[in-house]
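My questions all concern the structure below.
Chain IDs A, B, C and D follow the sequence of writing; residue 1 opens each chain.
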Amino acid sequence: MIDQPLSKESADLERLYRLTDVVWGRDEPMPDELFAQAKDDAFAIVTGRWRHGSVHEMPNLRAILEVGGRHPSPQVLDYQSCFARNIRVLSCAPAFGPMVAEMALGMALAASREIVDGHNAFATGEERWLHAGNVGTFTIYNQPVGLIGFGGLARALKPLLAPFQCKLQVYDPWLPATYLASQGMTPVELKPLLETCKVIFVLAIPSIANKALLDYEHLALIQPGAVFVLISRSHLVDFAALTELVSAGRFKAAIDVFPEEPLPKDHPIRHAPGVILSAHRAGSVPRDLRHIGRMVVNDLEAMLAGLPPLEMQTAQPELVYRLE
Amino acid sequence: MIDQPLSKESADLERLYRLTDVVWGRDEPMPDELFAQAKDDAFAIVTGRWRHGSVHEMPNLRAILEVGGRHPSPQVLDYQSCFARNIRVLSCAPAFGPMVAEMALGMALAASREIVDGHNAFATGEERWLHAGNVGTFTIYNQPVGLIGFGGLARALKPLLAPFQCKLQVYDPWLPATYLASQGMTPVELKPLLETCKVIFVLAIPSIANKALLDYEHLALIQPGAVFVLISRSHLVDFAALTELVSAGRFKAAIDVFPEEPLPKDHPIRHAPGVILSAHRAGSVPRDLRHIGRMVVNDLEAMLAGLPPLEMQTAQPELVYRLE
Amino acid sequence: MIDQPLSKESADLERLYRLTDVVWGRDEPMPDELFAQAKDDAFAIVTGRWRHGSVHEMPNLRAILEVGGRHPSPQVLDYQSCFARNIRVLSCAPAFGPMVAEMALGMALAASREIVDGHNAFATGEERWLHAGNVGTFTIYNQPVGLIGFGGLARALKPLLAPFQCKLQVYDPWLPATYLASQGMTPVELKPLLETCKVIFVLAIPSIANKALLDYEHLALIQPGAVFVLISRSHLVDFAALTELVSAGRFKAAIDVFPEEPLPKDHPIRHAPGVILSAHRAGSVPRDLRHIGRMVVNDLEAMLAGLPPLEMQTAQPELVYRLE
Amino acid sequence: MIDQPLSKESADLERLYRLTDVVWGRDEPMPDELFAQAKDDAFAIVTGRWRHGSVHEMPNLRAILEVGGRHPSPQVLDYQSCFARNIRVLSCAPAFGPMVAEMALGMALAASREIVDGHNAFATGEERWLHAGNVGTFTIYNQPVGLIGFGGLARALKPLLAPFQCKLQVYDPWLPATYLASQGMTPVELKPLLETCKVIFVLAIPSIANKALLDYEHLALIQPGAVFVLISRSHLVDFAALTELVSAGRFKAAIDVFPEEPLPKDHPIRHAPGVILSAHRAGSVPRDLRHIGRMVVNDLEAMLAGLPPLEMQTAQPELVYRLE
């Protein structure tokens, strides 16, 4: 049963219909009455936002496949029952990794090479040519680059950075230093990362513990002229402090996520010098969103064959209660 | 003898002074009188622009090292004598490859992901959020990408594109199809490249034959919404045709090189929709220009030891007369 | 509590002792009496072979870390209770991937380049020089290569094969074709894989379903002169059929795993032409076994901090009952 | 005109015949009389061994393409005239890089993992299983690896070693340390390389200066149990010293090239422990030799179009007189 359309890619849809009985496949919410009839037999539920309460009345349920990008909150889904019954709660978050990583790289290069400011100067006839137009620019080859958080986004970004041979430093309190070293990363504490890196990517998922982790004191450590890329969630940042420092020209910033979306029209970050802003656009590229459909159908195919899912991210009992 | 300063990087300069007698090492032109005295003994001349006529009166000359980015024109340097005497005429062009390739990728992503327009909309409070802000965007993963010219620039760009797993098509009339295939490229003619690629990079060096190769008829083949990146020389393009097509919104363009530099203030490309302009800034990043110094010293070190140069590009008898 | 020593690498051991109370850390089985005292409080048990029956009397148990290379059999461990209580049952199998993959590549090259036969001919003065010594050899560059099973071993082998640019074909009935394609693999059925590949690697783990999957009929499809590398488990092969075909010179084989170990002294495979035999040595390289210790300590560190394990392989409810 | 057959690959041959007039294309030496008639007009000569004296009587000659693997000796070819007239003297040596590099890796792994000895013990029923069979083995992951010579062979080997993440140390007196560092290599002196590396590859081409460079004193520095791979030329080694040290079990060796070929039947290296011998077989794999044909035709195609050759190696005035 599907209560969210997944992919217009007809090959994936056709595969889905060949695999199983689809109770509801339209691009609008499933009627409650129909849901009530179907829940006894449901093997899997594909959903954008879980709104079906406890799984107690779904005795055959084996999987919940979430297609919005984050696992359902423990406040709406009874995870304890899911874990005890080995019901897979799956998130399509991995589908976003590559497109968000590409945007993170694109925004970082736009900032380090001053592509936005360079263009805007050109449009108004104030461009500076050659060396004169490169006073504050740098390439990222061999530079110290910091990753705050080493989860799915960081793993999608790592190969894109590989040809630049950056020296990758990682801060991630959920991962032992020995493990990070085994992944070719240099594990560091947060402060030295902020102090030494020319480009800093915020890639961590929001947790209870990392709320406003990057406060004024931390952000003030960033080098003059360095590039700060905020791409996962603004939750990790004291946004007022970030706005103040960027507005003062202390470092460059590229920002895709905001504490309020839409952001108020009069928010001062809109006019900060050297900033590059994007309206939460990193993870919504039309063609790439279709990968969600492929992942859902692949994982349903595997689970219907009695095998584990492969592409979506399985909710872990250790993590679901820690996430914001 | 040096008639152009090369690197402020003290380690390279120190190596140079340890290697050989430097007749002139200041950041201003060498006085003619001093040149006249030194030319009898000169082993190598480092120069930004050759202005010393024939090499006939330099009997011990083994190398000319050019640090401006292109081999001297055959109109100012007597190549025939150089080739007959095995005098190496070396260009520092390879030093520019990585920084120009990075800018090419950065501008391509800025165009495909609409980073400049997205930011400018944000600054004026007209940004569109999430899917609404991604109507014409695409990622470059697995896309057909065309390279016009497969020389040094293309070779520097290739590793940066590798993690995106693009399908690379190459048009280069100087290279046999079998050779291109051996490099993992798909050799194609120019028209199918223009018709099928989502991103097109102009990377060829200017030659007599490729002047305005990309005329209106060719440029009009580019797909709606595709990205055209002009990064090597505007020589290859009918710039008026390009301006007309981009102004009409036929495709996106990212342009770093222009038929006149500086470009007239009233040139219509400055206000074309979806264009990203950069004032010939791709190859002038301060830190990266220092690689020129390293290359000059490394190649001098090799040649003084009687070995071939390694890093700079040796002028080839087949090519020097073809270049613009 | 540990009932199997893990690593002599002192740094890992020291980390372990700093992390937690170790009830038993000697290189001999833990006395039953001591186990009985400790089981009430045990958070994790590190073990080479599970021999402690049900987990019912271990109310605080959160993890079983197995250091022999395979998950405990469902006949000795009550997985249902483990899954219901979210007790992590972890295998150190990932530690073996790189060393086994290296051996698989080494044995494949030894077979394709006839390194063993070439050496043995040399030792007896019967070597053939240059072209005469290369009548049946081939390089693996660009060759069609088949992987039977795409689990941990295949993932460790994939990067080693990458520089050879082989055309990788995969047969794995547990993975949807669309998923394999998303990993850059060409999904195929078993028969065409056997018929077309120049090198075939058997990499699957043993399951109830794949017992003697490669029977006479299948093995007879392998091309003359191709290389068959048996490296995961002989369980997948009808070993008598393999012996017959290799003895008849139908193809080359490199074999590290056998139906009986030690193999009887008079087994005919010992003298088959073109065979390369190794006495289950791929996964026992001393230095590399220490990675098991690192993984155990890293995952304990994560789990003691309330986080999911990172490096070892978590038993999956869908798979444990399928494995042999 | 061709005086050596190149490729049986019909596509390459067909291309050749379409490109130009082929005066002689048979697999036997060109008759002298025919050569005398043709030399006036000859644009290029493809040859296995130059035997045509001076180029003075070949006024239109633009290229000599050698298909045996080394540039003609200065004792048989008048290089001075070739350089003065810009006649390209091309060697097919690059065609051998990949196949020799693969063999070097294969022999190194056969030695480090004891694949030959392990097999031979198995054949005689004396194999040791599991850990017992791995007493002296090691994997090459993350190991210090030394390359003696960083020319074409080393560049072909480098990508094959890349996935093992070895720490590559290079000794090459023809290359500045700064240049080697720019290639990602650690430049070292010869003695520390020999003392610290677990695998040592001899990859240099023979020169007047490197004759028996690796004498007893140097070879005695190699670590016990390390692997010494002699793959380019035995010229670089005091072979008697190597034989003595390997026979004494001081380190492992894998040898493809010998001071006399064929090697005397009673040479003691044939029975040294832990040695792996190959009868100069690394560069003679049938399918891969066909790349020579492709390279010859590609470079002829380029040169007939007035362009520089691309794939073969152009003789350099600085080097031809230094080579043995």
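Going forward, contacts are C-beta pairs under 8 Å (C-beta built on N, C-alpha and C of every residue); 3 or more make two chains touch, one makes a residue touch a chain.
Note that the coordinates shown come from a computational prediction; the quantities given were computed from them, not determined experimentally.
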| item | value |
| --- | --- |
| Distance in touch steps, counted as few as possible, from subunit A out to subunit D | 2 |
| Chains touching both subunit B and subunit D, listed by label | none |
| More contacts between chains, C-D or A-C | C-D |
| Rounded Å distance, subunit B centre to subunit C centre (Cα mean) | 49 |
| Subunit C-subunit D separation of Cα centroids, rounded to whole Å | 35 |
| Computed distance of Cα centres, subunit C from subunit A, in Å | 34 |
| Residue numbers of subunit D (touch at least two other chains) | none |
| Contact graph of the chains (line, ring, star, complete, other) | ring |
| Which pairs of chains touch, using the document's own definition | A-B, A-C, B-D, C-D |
| Residues of subunit D touching subunit C in the complex | 98-99, 102-103, 105-107, 109-110, 112-116, 118-123, 125, 127-131, 133-135, 137-141, 159-160, 162-164, 261-262, 265, 270-271, 276-281, 284-288 |
| Residue ranges of subunit A in contact with subunit C within the complex | 12, 15, 83-84, 86, 174-176, 178-179, 182, 294, 297-298, 301-303, 305-308, 310-311, 316-319, 322 |
